[in-house]
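Multiple structures are listed underneath, in structure tokens.
Each of the next two complexes has subunit A plus one other chain: subunit B in the first, subunit C in the second.
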Partner chain A sequence: MKTKKRSSFSRLAYSKKLAPYLFILPFVIAFCVFFAYPIMETFSMSFQKVINLNTGRFVGFKNYARLDNAHFFNALKTSTIYTLCMVCIMLIMPITLAVFLNSKMLKLKNFFRSVIFIPALVSTISAGIAFRLIFGDTDIGFVNSIIVKLGGEPIQWKMGYATGIFIMVILASWREMGINMIYCLSALQTISAELYESAEMDGANKFQQFVFITIPQVKPIIIYVLTLTIINGYRMFTEGYVYWNETNPGDNGLTIVRYIYNQAFQKNDMGLGSAIGVVLLLIILVINLIQLKGFGMFDKEDR
Partner chain B sequence: MKRKNRILTVLVFLLFVCIAVYELFPLIFLFVGSIKDQTELFTNGMSLTITKETLRLQNYLDLFMYNSGMYVKWFMNSFLLTVIYTVGGLVLSSLVGYGIGGYQFKGKNVVFVLVLIVMMIPLEIIVLPLYKLITNMGIIDTYAGVILPFVVNCTAIFFFRQFVDGLPKEFQEAGRMDGCTELGLFVKIVVPLMKPAFGAMCILLAMYEWNSFMWPLIVMRSNEHFTLTVGIASLINPYTANYTIMLTGSVVAILPILVLFLCNQQFFIAGLTSGGVKG
Partner chain C sequence: MKKRALFMSIAAMTMAASMTSFAAEPTELTVWVSNELHNSIFEFGEKAYNEAHPDAPVDVNVEVYANAEMAEKLLIALQSGTGAPDIADININYFANYCGEDCQLIELDDIVADVIDDCIASRFDIYKFNDHYYGIPTHVGAMFTYYNMDIMEQAGYTIEDVNAIKTWDQYYEIGADVLEKTGIPMTAYEVSNQRPFWPMIVSRGGDYLDENGDVVLDSEVNIDTLNYMLDQYNAGVAVQAAGGNTSVEEFWTAMNKGSYASLSMPSWFMSRFINYMPDLKGKIAVRLMPIMAEGDASVVGIGGTGTAITNQCENVELAKEVLSLSKLTYEANVNIWTSLMFDPVRVDTWKDDALTAPSEYFYNESPFTLLSEYVEGGGEVLSPNNKALSADAQDVVNNSAMYNAFLGGMSAEDTLAEAAQELRDKQY
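Then we have the complex of A and B:
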């Protein structure tokens, strides 16, 4: 500690007024350079024909007009179907598992909790390598070999549209189930036992207790899980990439973000890529607004 | 009634056994495949059976020899990026979090709202202008290019801010009476108090960087600069199937994390559920 000489430097170091501004400085810089500027740049580039990285020509709404093509609508459709599937799974499975993990019924709770959580540690790429082989297209792929043994025809998982969505959903839900289960579990653990006791005295059975006590109490966390799932669904990229890393035959695995990636880095069309980015931004904003509006003050503080 | 309960208990237990098998199966599958002879993979496909003839532990040696140690380079890149990102992220985010949570100042609420907005907007939307920016800054294909845009992590800022908010504010005045500078106050008093928050955020940031894929895929252009995820993904190729490298490589990428998790589960669960992380 230096002595308390009142040089101008030490006055700064002791200034209670100035300190918070210095503390938040890294955020302010990062926000301006790596967030606000790129957001504006996305809008600006979406109105340009980008010739090479730093030269572009303004073309008005041309890029947006070009979004009216089959590939873009396929990407929109794929992302939406994928997100809906994920929402269905994440609405039912995590809370169900958490309820059992929180009850006296189940033995080896800690073991099961850890095991179900483990996939969250694994990168989508590493897990995807395993899933690629499990759902291999040839008849020696793991699932196909079972199908063949049962007398069926091997399925070309990566070639069909529906099977393509299926293998992405199964990979993502495999990874994300545990983490969402823990969210639900931590919410369940905050419900006081008294609520259940008094309900029992009033003659409510287990199912009624679940519907009238548990569900309302965990509603905020379920909304949180759903919002997270929807946003993660629309920003999905890696789950598709790990199956179709080079091309997307029949637009399989072509999600919105993959379409941005393909346009920008394979077709060198940053203008169209940015226009898709703006559309994605609008989708995300609408989802967030619905969440904020529909559920009032709900934010992460309620967890 | 008793009987019915017991049947239900058994059913629930069976359900959990099934789910546990389902959650572990791909990992076991990956591991069994990684210690098998590659020709066995091609002729009989992937299965969980393994015999003395098909066992081939040498696959792991091959992994480290692959392309004159390319995998080792990828591993080191991921490791160093993770360390630098985590340390940098912890320092910067905790400073900002303390700045917002520990002081009253003009613009405090605006800054906090901006943090929330950044948390809501996925990076995928700004990936193209960021790529352009990084290229113009001359840090494409470097560690700096991967780390710099995301080292100030808003999820971590939010978490630290919440944590500071929950601390009693007397410590600040006490520290000032003792002649601490404002930074000294942070380092000597606040940081020790925030230890649990640092633990959780350390896991969050480290896992985020270790498993991140899209951004390093875009920034890292040359083979020897790839991270583990990008490197392993680059092996996926229908023509020259490098299955053993892919399988062993994936196992080695997972194993360190798995061991750390088994030693320190609570920490991991607290860290990873604090931000809804997605790699």
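Then we have the complex of A and C:
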């Protein structure tokens, strides 16, 4: 009896039809419990006035209609500008740094690699506290004290919209530069040296080599970095929270996720919070689909 | 046989141990607070309770969380029906969140009724929803104006001149003179928070919400007050608080350096002075906040923390008694002053020696002399209306209205009309 059972089980496990499903089952379960179910629940809550986590009243599209307010659009604008800035920086800087750090001429390569990578290991909160003090509003803040010494007026970093975006971008770039550089660096190292040799023989200069060999070869990694940057940009919360931890004067530093946090958890307005979450999901989805399509990721021939 | 004997003796020992521990086993009460300083309130109550009931002691476990984090944790614990503490110290900004359609807090009407006649009633009203009290206030949070006497004297004003200031007009007249003579602005306004705008309008009978919870943010009184503030601001007599509000390091440094001649903040700011502005020791004279016109209230209670018992508490009567002993008895109120420097809500304690003792930091005076005089003279102590939209209203003022008026160049009418509209849109 026992042996018979075992054999039937092993037959199942070795079955070519069933085995793949058996192997992905743990992931599918985790996906359903921790991803699909919460998304469905969020979707349903976005149509409710949530009174208790278990009780709510359906209010139709009212929560979505309430998104038509200045704060939501300010948050959307802030997140978009922030993401654009991050994309520009992450498109150019990591690959440039990687090319330099990959060059044979550079000395102390490992030292520079570590210096650029170490910020990625620091938590945003602890780095943020340091940055908040560096960009203090009065003339005794670090950056302001330099500006004052150079004869300028102290800047109220957290009170202005542009300066607000700037200090968030600085903090995020400082942290994320290193990890993206490592991706680019590892991609660079897979490029065969023969390509460069033959290009040199054909008379291509260093810049032409960079444009016609390096860039196409690391394109998949750049797409990867770009995709992650866009997703992280729209999901950004902490970089804003460390600077404006109580209030967002003039909506400075108010990102979409901060708006979700304010409404859902601080105001106990889970319905509105869920509606913002659904809209955010759609935004990221659409942008990424357009971007991936643009890069030809869905073309069969490319694979 | 041997084994069995061993087993028996172990069993007997464990039984004996559990029985002795049963006799002295204290009942546990969990308390969540959002500020470490508040621990001493509940430690005091625990001690008082255990002295009164040595046979049935209580063990109060205080857990400290960051302000917003605690509010969030409590919300989820209450909504999911598990994991909430017995007692929670809830910041007034979040209090209305828990008292919506399905209130998860316990009514405290009985313990409030015992003491309310000795207390500032308006401080209890802020935690009153549907005619029931759900929170016990920690302090009055009376608005004071703190004068830096060094700067005032530099401009030629004595303490008698400061004593004579009764109205905002007198205050700003002197302020303009101080600015002219010393170059130092008279006061600082918060642009990413709501003071002194909120206390100023409440003193005149204005507020963000009325007693029914409807939005009155764009009322005549409020617009008039904001215009008045803008006039002072544009004249340079009042300036933006460094860092945007009075709770940040930048502001404390600036105040400590003597960047402002005076400041209007609630009573709890006294402990900020002592902790963060050591250079002002002996120079700060505490006076009642000026008023706009005869009939306005000189004392307005702003801010606060309401202590509530949650519906997940298993020993409600015990929790109520501990809460009373922590925050409502005469001794507890004296303790709130001596341990935390908060102005207690029991008026009868204001004459206690512990409260009238002069403070070296504050010009060798006690603020309670002025408070007692005011209340005995029939003066009213007003508090803002705390209703369902309160947290939203404060947010709109903190994030938009003050910023738009002082930094964005919007007029008082437009600023408040826009903010009020935003709030009205939320009433659905």
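We adopt the following convention: the second predicted complex is superposed on the first by the 261 of 303 C-alpha atoms of A that agree within 3 Å, B and C clash if a C-alpha of one lies under 4 Å from a C-alpha of the other, contacts with A are read in each partner's own complex, and residues count from 1 in each chain.
Here, a contact is a pair of C-beta atoms (placed from the backbone, for glycine too) under 8 Å apart; a residue touches a chain by one contact, two chains touch by 3 or more.
No experiment lies behind these values; they were computed from the predicted model shown.
K.L.:
Classify the contacts of A:Lys293 with the two partner chains as first (subunit B alone), second (subunit C alone), both, or neither.
P.N.:
Neither partner.
K.L.:
Which partner chains sit in contact with A:Gly250 here, subunit B, subunit C, both or neither? Use first/second/both/neither.
P.N.:
second
K.L.:
Touch test for A:Lys149: subunit B only (first), subunit C only (second), both, or neither?
P.N.:
A:Lys149: touches no partner chain.
K.L.:
Could you look at A:Lys158 and tell me whether it touches subunit B, subunit C, both or neither (first, second, both, neither)?
P.N.:
second
K.L.:
Please work out whether A:Phe265 is in contact with subunit B alone, subunit C alone, both, or neither, and reply first, second, both or neither.
P.N.:
both
K.L.:
Could you say whether A:Tyr14 touches subunit B, subunit C, both of them, or neither, answering first, second, both or neither?
P.N.:
first
K.L.:
So which one touches more of the residues on subunit A, subunit B or subunit C?
P.N.:
Tallying touched residues of subunit A, the top partner is B.
K.L.:
Between subunit B and subunit C, whom does A:Thr138 touch in the aligned arrangement: first, second, both, or neither?
P.N.:
Both subunit B and subunit C are touched by A:Thr138.
K.L.:
Which parts of subunit A are touched by subunit B and by subunit C alike?
P.N.:
53-54, 133, 136, 138, 140-141, 246, 265
K.L.:
Please output the residues of subunit A touching subunit B within their complex, sorted ascending.
P.N.:
1, 4, 10, 13-24, 26-31, 33-35, 37-39, 41-42, 45, 53-54, 97, 100, 105-108, 111-112, 114-127, 129-134, 136, 138-142, 145, 174, 176-179, 182-183, 186, 224, 228, 231-232, 234-235, 237-238, 241-242, 245-246, 257, 260-261, 264-265, 270, 273-274, 277-278, 280-281, 284, 288, 299-301
K.L.:
Which residues of subunit C touch subunit A once you look at their complex with the stated criterion?
P.N.:
Those in contact with subunit A are residues 68, 71-72, 75-76, 79-80, 94, 97, 100-102, 191-193, 242-245, 247, 249-250, 253-254, 391-392, 395, 398-400, 402-404, 407-408, 422, 425-426, 428.
K.L.:
Write out the stretch or stretches of subunit A touching subunit C in their complex.
P.N.:
Going through subunit A, the ones touching subunit C are 51-55, 59, 62, 66, 69-71, 133, 136-138, 140-141, 156, 158-159, 246-251, 254, 262, 265-268.
K.L.:
Over in the complex, which subunit B residues touch subunit A? Could you list them?
P.N.:
My answer: residues 8-9, 12-13, 15-16, 19-20, 22-24, 26-27, 29-30, 33, 42-47, 92, 95-96, 98-100, 102-103, 105, 108, 111, 114-116, 118, 120-122, 124-133, 135-136, 148-152, 154, 157-158, 162, 176, 179-184, 186, 207, 210-211, 213-214, 218, 228-229, 232-233, 236-237, 243, 246-247, 250, 253-254, 257-258, 261-262, 265, 268-269, 272-273, 276-279.
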